[in-house]
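Okay, so here's the structure we're looking at.
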Amino acid sequence: MLRHVRKLKVAVVGAGYWGPNLARNFAASPDWDLVAICDRDDERARALADRTGAAVEHSVDELLDRRQIDAIAIATPARTHADIAMAALSAGKHVLVEKPLADTVEAGRRMVRAAQQRGLILMADHTYCYTPAVVKIKELIENGELGDVLYVDSVRINLGLVQPDVDVFWDLAPHDLSILDFVLPDGLAPDGVTAQGADPLGSGRSCVGYLGLTLPAGALAHVHVNWLSPTKIRQLVIGGSRRTLLWDDLNPQQRVSVFDRGVDLQRQADMLGDSSRRKAAQISYRLGDTWAPALPEYEPLGRMVAEFAASIREQRPARTDGGAALRVLAVLEAAQRSLTQGSRCQSVTRPEPSLEVVG
Amino acid sequence: MLRHVRKLKVAVVGAGYWGPNLARNFAASPDWDLVAICDRDDERARALADRTGAAVEHSVDELLDRRQIDAIAIATPARTHADIAMAALSAGKHVLVEKPLADTVEAGRRMVRAAQQRGLILMADHTYCYTPAVVKIKELIENGELGDVLYVDSVRINLGLVQPDVDVFWDLAPHDLSILDFVLPDGLAPDGVTAQGADPLGSGRSCVGYLGLTLPAGALAHVHVNWLSPTKIRQLVIGGSRRTLLWDDLNPQQRVSVFDRGVDLQRQADMLGDSSRRKAAQISYRLGDTWAPALPEYEPLGRMVAEFAASIREQRPARTDGGAALRVLAVLEAAQRSLTQGSRCQSVTRPEPSLEVVG
Amino acid sequence: MLRHVRKLKVAVVGAGYWGPNLARNFAASPDWDLVAICDRDDERARALADRTGAAVEHSVDELLDRRQIDAIAIATPARTHADIAMAALSAGKHVLVEKPLADTVEAGRRMVRAAQQRGLILMADHTYCYTPAVVKIKELIENGELGDVLYVDSVRINLGLVQPDVDVFWDLAPHDLSILDFVLPDGLAPDGVTAQGADPLGSGRSCVGYLGLTLPAGALAHVHVNWLSPTKIRQLVIGGSRRTLLWDDLNPQQRVSVFDRGVDLQRQADMLGDSSRRKAAQISYRLGDTWAPALPEYEPLGRMVAEFAASIREQRPARTDGGAALRVLAVLEAAQRSLTQGSRCQSVTRPEPSLEVVG
Amino acid sequence: MLRHVRKLKVAVVGAGYWGPNLARNFAASPDWDLVAICDRDDERARALADRTGAAVEHSVDELLDRRQIDAIAIATPARTHADIAMAALSAGKHVLVEKPLADTVEAGRRMVRAAQQRGLILMADHTYCYTPAVVKIKELIENGELGDVLYVDSVRINLGLVQPDVDVFWDLAPHDLSILDFVLPDGLAPDGVTAQGADPLGSGRSCVGYLGLTLPAGALAHVHVNWLSPTKIRQLVIGGSRRTLLWDDLNPQQRVSVFDRGVDLQRQADMLGDSSRRKAAQISYRLGDTWAPALPEYEPLGRMVAEFAASIREQRPARTDGGAALRVLAVLEAAQRSLTQGSRCQSVTRPEPSLEVVG
């Protein structure tokens, strides 16, 4: 990367849980100049600004008025994302938004449209798409190492913070959904979504959630998210026609394993219409080697802020652009509908993916 | 146990995968005299008979005609259970049936009714209900150690044999469902059942399956069964209002763990109608000790055949009686319906549990 | 294998802990005809004979007098091995002996000599050398996959039975030592042996033991054996100049892992005499992939009795012949000496390995 | 803690690997005012000073001349500790030293004596003694939960940096030894020490090391340290007469487990002189519950710098004072001697523990 390029100026809005991580990475980036921290809670903003050498702003309006910036990064509650983003886009700023992009597809769509109309970058901080493991998984799928994707099972459970505003689907599933959008050959494009949730504590929102996505060609993706689990599990299995992959994010010694193990079904022309007994005879099992690729070590958020800068400079959509974020929102909304309809399978409206083209 | 009691005579029908386990345990039991092995495949029957000191019969009719027996144990394909059981009950024999009891609720109901009318024992071989771990789990729930059951998550995945006749739900989920029936305070009595399955290999039946059960009082039980997983997992989490339990059946050093860890929600009268922010403030987290009870070691099938004998002698329903088996079948059938209706939640007809009273 | 070859006749001496395993495998073998079980405890002998279709003998003398046998298998306490084996060899029988071969090198040497003089097979039941994992490890080392062996660390700890006659070294370390003898390019030929033991319960013998072996070329092998550990561990690490191998015998899903990971030291001529700082600069780290080879599944004891038969028929030393067993005894004796001399390193007398040549 | 107490002023000497951790914790501490960073490498010092708001000094002499400080913290190579510490003590400063305290017992003794004579605090940064796990282990031993300590086995292996100046014993074993000194009822007071090391890479120093300590009353402590292991293990087992404890530092979900499991030996007066067979009959096994205490979460280094301040203010020895550090050095030196004498057991001179009394 050429160092003589001017650094881009960015402000971080929201100094709560996630904002400090963004601020730290912008501050450490060769691409970025962290100009300001903006938070209604002045003390919180001040503390973060002190640690990162940035100025403090109390409101987004003041921020946009007073600071010469290229971009803002939004790390506020999801229901406030759209308003802040729209203000920033109107002011001609590029926008990075913490996941989920917005709290409705409709709001997200407005954001995407506004960015598109002004030729600005709108990017979601789908952090996992910048981890060494997920990048490797995408590569393995692209190279055909797994064959066709047959099923996906993702478990993300923990004794987590019960959020005041969102349920466990909106809090945790964006991780799984954005990963699927990134690694699946066709992105996140389920034919249908079913959801089941439980609120056994009476907290007013689902704390335990299950999400089923019917993918094209009969494949099924399933996601289990849970705030109440005493054990922490973060595992993703991708079953392929050639090999099966396990990503165990809590096993630093072997995060990604590829199993040359599986069930094969020989389907031959002359077998059609045959009895199940003979069909069974055509099933065979592979019990081959296991292989765990070495993964490079780097901080995903560092890569993420670099991608934000690169997409601005190169005037191209970011890896996790608004379109990707909309596809995640569309699934979350379909899940919400399924929850209220006895887990009935819901179709997913294509959230106009063609929109995300930077002029 | 009094040794002078006459041994009961039993024959095992079916010498395939499971029959040999039953035969071995009957042969080793002080309660039972294994009289005969019956299988259409004479060679298979002969081999098993030789190992267990039993005679051989080619058909159930011949068996019932020629042998003085008190009971038969059926370990044939599920679709044949009902006919064999009905013949044996008609002949006045007590009957033990490998899970699932039958391939439809209707067939199971006929079996239960026939046994009831003749005052005979009909028992399902729900083997897991005789394991040290499950017996301990039931005890912990009964003693209130877990508090109210808030959610259940069961995973039973493996590179398993794709069965020629049944899908993964009928093959594996009876384990999970019979365990739930045994340990839950009210047995297996879900308000609704949703199911999602995938057959990514085109084998003609689901190889990957997810089952959601809405339990009374807002609790949710979820079961993941899978024949295609490269890794083997058998884990059951039972989240309670006081503590949470994890049964990891593949960790012989710590099968059952009880976590004094969880989320508490203080619901106070004056909080009603309050803002979510104040509600959130009432959530607290316990991060207490973990405790793994020592488990005795014994062979579950030995306990199971002993229970069969005891229920016959004491003229009382067995631990895993026909009623328990019917409740499992009712859920499997509801799941089947849900599969064909886009995962829509299905209600479960109470399968006449009052029937199972031995005259 | 040619089935028309006459089956060899064998008797098992000792029906305690290990004898039944040998008897079961001889009985199931196409190579062997299990003729008799011999044990002073008639009831124990009878029970085993009944299960395996063999006759019963009360003493070795009667056995050798009355039975037409080709070979005996000895599974009695170690201190009795030599007498029984010498009697059998004198009677012209081939001999298989449970580990350890004898309770002294001297006794073992007599056995080896007697077998050699009469052209009979003397073989030790070093069972682990017939497991899929150990066979694979030997193959990997032979093929140069690991490079030169730099260090070996073996841990075999458990809550085990405190033996009445032998300490933890003689009980457990023969496993580790026989494995090393089998897989190391030069066999078990340490330059020196140090041992440290503890008897914290005052049982009269070491219950916790550590064994250090200095191997040729500066390599070190270390063995930890322990009867008192609450956790069960069976792990062997073999560090090589190219790759490092981990055998975790209690992880059925990934028993053998090969790590392309390690420390490299560039030693260049012009570096000699250089400062440690520059030396350090020449150290580099490889963080490559991990690979877990698929292992076949078979019963090691089945392979072991097949090897016994093959070595008799082919008149060649068995894989785990008397010479291998003597090398194990020589290390155990050196360890015993080290224990009584403040862990001082002891040299190991070569136990005449050239002896074991079948005429 | 009273906030009106004057903050103590400290400088950190050494801005390499460990210094930044110390600096960060001093900077964040309410007890300390981090005044300066001192390193020969000005750039390194500057970078650390910038991050922590401290000034920069190029040499210790300049530091002591120009800065008003109460204490210094030394994080330089071990061979330089003594000179820097002596200079600081002469200048009347309290001293904290990264482990190991010095590179010889003799040097350490001089430091302890100098501190004592001037009534200054000399403290070793034995970080592990401030971790929640080790504090809990000490508490469990003190409360008698484990009974008498029968054996200790510690494994600390990793693919670690081969150090240019010290071998693996001096690099890693101070962790294990300082933990033992802290948790054992009588501190680290072995009767003898044996060591075995290997340098399979020809790096000029041991990269694989085993250390055996004979503790009073027949107990044995063993330490395995290794820079070349492809897998990372940090496990400590403490076998007690009542229970056994396992600390698995890499299992965040269950770091400390207490097993009510073990071997009991009934030693009765009338048993003395009895045969081993009857002795064996008196051995019994407990297979009780496992218990994993919840551990608080805090940063150990924060506690450590707080203890440094408290010991200065209260004019009392620190938890990990010079005496503790000397006991660690004495074992390391005995190990060095054992290495050069064929692993022969070496006695450990008591390193004048009575010295460490603050006037």
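Order as written gives the chain letters A, B, C and D; numbering starts at 1 within each chain.
The criterion applied here is as follows: a residue touches a chain if its C-beta (ideal position, glycine included) is under 8 Å from a C-beta of that chain, and two chains touch if they have at least 3 such contacts.
Keep in mind that what you see is a predicted model, and the values were worked out from it rather than measured.
Considering every other chain in turn, the ones in contact with both chain A and chain C prove to be B, D.
Among the remaining chains, the Cα-based centre furthest from that of chain D is the centre of B. Each chain gets a centre from the mean of its Cα atoms; for chain B and chain D, those two points are 53 Å apart. If you average the CA atoms of chain C and of chain D, the two centres end up 39 Å from each other.
Averaged C-alpha coordinates give centres for chain B and chain C that are 43 Å from one another. Residue positions of chain A touching 2 or more other chains: 231, 261, 287.
Interface of chain C with chain A (complex): residues 254, 260-261, 287-294. In the complex of the two chains, the chain C residues touching chain B come out as 231-232, 253. Chain C makes touch with chain D in their complex at residues 150-151, 153, 159, 162-165, 192, 194, 196-204, 207-208, 210, 212, 214, 217-220, 222, 224, 226-231, 237, 239, 241, 244, 246, 259, 261-265, 267, 276-277, 279-280, 283, 285, 287, 341-345.
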